[in-house]
């Protein structure tokens, strides 16, 4: 059985998913929709799919599932529409920048019993997934402390930042999800610090570019996250998980692994400098997992609730920075 | 312009090339031929190409190029036939186990002005290619000494070994080509040692499973190769090139790069255990290079002459083992 | 000119300093004092020095400098006595567990113009010192974010913990000093989280065994510290400093750097499992720096004020945990 | 019981041993002899030992053992004299450049039952010793193939080279000993290649600067050695031992292990650039082993016979280069 996809949004991340869908057995890209005709046309040309309106995709019998890659402020509405239309839904993170709106949306998902998976692609990175697998195998005993390093090669355009919901909701949200994925227990306390060190324009836009966050669970497990919008040496993505019996970690990835030794020392090339090349395998595995979930062969994970939980952590981190104190998660989730 | 391919041989390596062709822009897989109908059918089903006889592919106007993945003893004949038929030819190594037969075959290629590329896939590995690029950039000065480590996870079946031409022609041949690729000057002397340490059955079949080879060029540049049919920790494929100003090396590749630290130490997972997963990127780049060469946009490399040169080195190594002396390459190339 | 030393305290760390003094050119160990005659005797036997009372060392004309390795609660008194006696003073950290007492003690040091150096040995580790040297050379541009990982192989005895002043004053204090050493700007805000994950007995003693801390300077530079009293794989001591142009880091050290590859993967031995073997070079360099400082050839660093500053950060971290909020350093330093 | 040493030769390596002796428990440096009074004086001043003639040291009752660090052409004579004088003897490699002379000397050693240890310091490097320990523990199964990389940061003065006996006797001899140490079975065949790539003056002096050697034992175990008198990145000293169940290797050592990441990539500092800093620990362990052997608490290893065996391999390698063939060791050992 082939899962027939409609792709909503043909931008940068839409292209990533189009490629993943078309190269995954059991998946077919039937149609694409985008407000910009040229973007939709490019996908249609490359993969031989139809161009349709969102309304048509909603109504079409030959579409089983949609991948939502439209701007963030349309996500929740589209999820509700396609949940009611009986389609399986894969939605890029975040569901919405407002916790209340996300909750309302998830209510519709529950009522319609729709399949909703949220795009925390890093869970599907083979290296990070292997870290989790080692935890599950008991290789390090009980998880105690998690350290997540996540540094972007460079900041996005300031106008993107202005409507991104800020660094915690836009960038750290991946790390919040990763922390939850690795801690195996819900976070109850959040403390954060934030600065503008990279670009004053980011500060003028009301955001930060350098942040660190501490998390704690009810039983005392801890996590720390370090984020920057700048890393000259490439896309810095590392995790380490300390447990009662040891440590499991995932190192950075580079496209070419050679080393040059000279009187200057031993030099290896920089890391991947772009999330798409860094997470190529993760995007493919993510779509495969969605197909399995839509077919009922695997649980839906990460779910809409995972999306909500990560957003709540972002909210708590913002509050912690604003009020200079450790915030209990219950304060923001009400 | 799309290069239209006929695939000759639908076995293990044939499948690798079928996948590479169908996922490369500018290439189309039109037809497949194989003595075993089921093998051809599997490729035809997966990629939607026709099943034809070799004769038909030879005659067909809608085929521009062939990929020869049939048994070794058919390579030279097929190259001659398709050279005469005016098709561009990609042939898996070796062209033949006999130097004389290879020479005769290359004569036909020259006379027909056919495009012939030989399948030394490792030149296209992104890490090894990057080593060569650093040499070309002058990063290490003049090349002086090359070290190549190439150890297989396990030995092939003994019946394969019996008709493989022996370890030098079957396995070391890749390293001979790599040495030539990196030295940048023709080898003139060869000395080799060989043992049976892995499996006595290999010795009974008249072959060795553990060999080391030293090479020297006219100006005194040197290379050493270490080969074994056994490596419990995976597919060990390393090169280092020492030059007057430094060293450039390529490390081993593993599918998952995590590390577990415990009271037992720090452990990373084994390497790739199979040439197909190790060299996935290399096979894709190889076909892309062939397409460029067939279109006249790039030189044909590695050429039939490269195939001949590597085979001559294998011949010289065998002679060195048999006679217990350093063999001048001119002795075998006549 | 040789600096003639009196050693106060012949315990574990006293022995380390005795060895460092006796193997450093320009230093001589003249006398040792300890409340336990056997401990003093062991040092006297090994290095051929005299056994004297503290009073005698205070009065002796043949003693230029003292190394204070007695229990923490005697440090401040001894510093004041030997400052008044005109001796150069090297004192193990901390000066005292009370900020007020440290301040009073440093007042005496200032009034007597005594040379006082505090034993933050890690500044003298060749690897950490090299990290600082790269910062000073401008290799990474302006410092932005520091990450310090410091995990002990195992917890000290609970009765030690009970009188240690707690993990922040006993263990994290080294990391607070390291953060100051690397940030190059004073910390103004501290936030900490703390748990008991390793041993409930530590919790019963009123302390924590797993903590994480975030620091921020006035200009927004940040540091994070991760501490645990447990690390099965050895003494985990890493730093990384992110700057506007790059990252400089120091890796862990192991006594033996071999690697075993097998079907289980690639394994390197555990790290050093003891601070004395891990920091052998640091202790030697530390005493050499003290000798240079006592001779007026180098500034006194780390100074008594550095000791005070690190203790203040510990105080602030404790307050942060107790009150669940970010603490301004000014609150504790008054 | 303290072993009382006379040091013969106060040059560069003599100083290394003086330091090792004086910092090793159970050893005392009583006297030094050197043809250059200033050299002897420097040692005497630094360590407070007497200056004596070789004759006096030979006769003195207060000398138990000698360390021979004089020029190579005096080694065999001195060994014989001190063997007859009943002293335990540690002699720097090589015993002599002539196999016949070494054999005659060892005859005297056997007849006098003298303790003679030869200075193959690398066996005592903690990393290489750990490799051997893993072999002994069975961690890699049966040893099959050994690879030794040994590259000097720079060539010695040409006048040194002229009287050194050539690269095989002077430099590769360490690797021959290491190969024997690791193979655990005597070598029976040797094949070598040699070039002048670094400095034509070395060629004019009748020597080579770039060599590679293959060794084979009776059961077919193999070793390969790669040597160069040039390595811009430091003192390159690596070994890897492949066995039936895995691989054990020792990596290079660097004085400072930091890493700088920038847009240029990830750079670690060069290696040690001098054998004395690279092998500091090895020299100390070597003297400790000699003291234990002289006290009868441990076997004498490496012995005079080990010195002879390594020299025979050098002889065979030279013959292999000269005659362009694989040389049986029996040909040179007669």
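Letters A, B, C and D name the chains as they come in the text, with residue numbers starting at 1 for each one.
Here is the rule we go by: a residue touches a chain if its C-beta (ideal position, glycine included) is under 8 Å from a C-beta of that chain, and two chains touch if they have at least 3 such contacts.
What you see is a predicted model, and the numbers here were worked out from it, not measured in a lab.
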{"item": "Pair joined by more contacting C-beta pairs (B-C or A-B)", "value": "A-B"}
{"item": "Most distant chain from subunit D by Cα centroid", "value": "A"}
{"item": "Approximate Å spacing (C-alpha centroids) for the pair subunit A, subunit B", "value": "40"}
{"item": "Between subunit C and subunit B, distance of the C-alpha-averaged centres to the nearest whole Å", "value": "58"}
{"item": "Residue numbers of subunit A (touch at least two other chains)", "value": "232-233, 245-247, 261-263, 269"}
{"item": "In the complex with subunit C, residue positions of subunit A that touch it", "value": "144-145, 147, 149, 151, 189, 191, 193, 195-198, 210, 212, 214, 216, 220-222, 224, 226, 228, 230-233, 236, 242, 244-247, 324-326"}
{"item": "Residues of subunit B touching subunit C in the complex", "value": "232-233, 261-270"}
{"item": "Sites on subunit A touched by subunit B in the complex", "value": "23, 126-127, 130-131, 134, 139-140, 245-251, 253, 255-263, 269"}
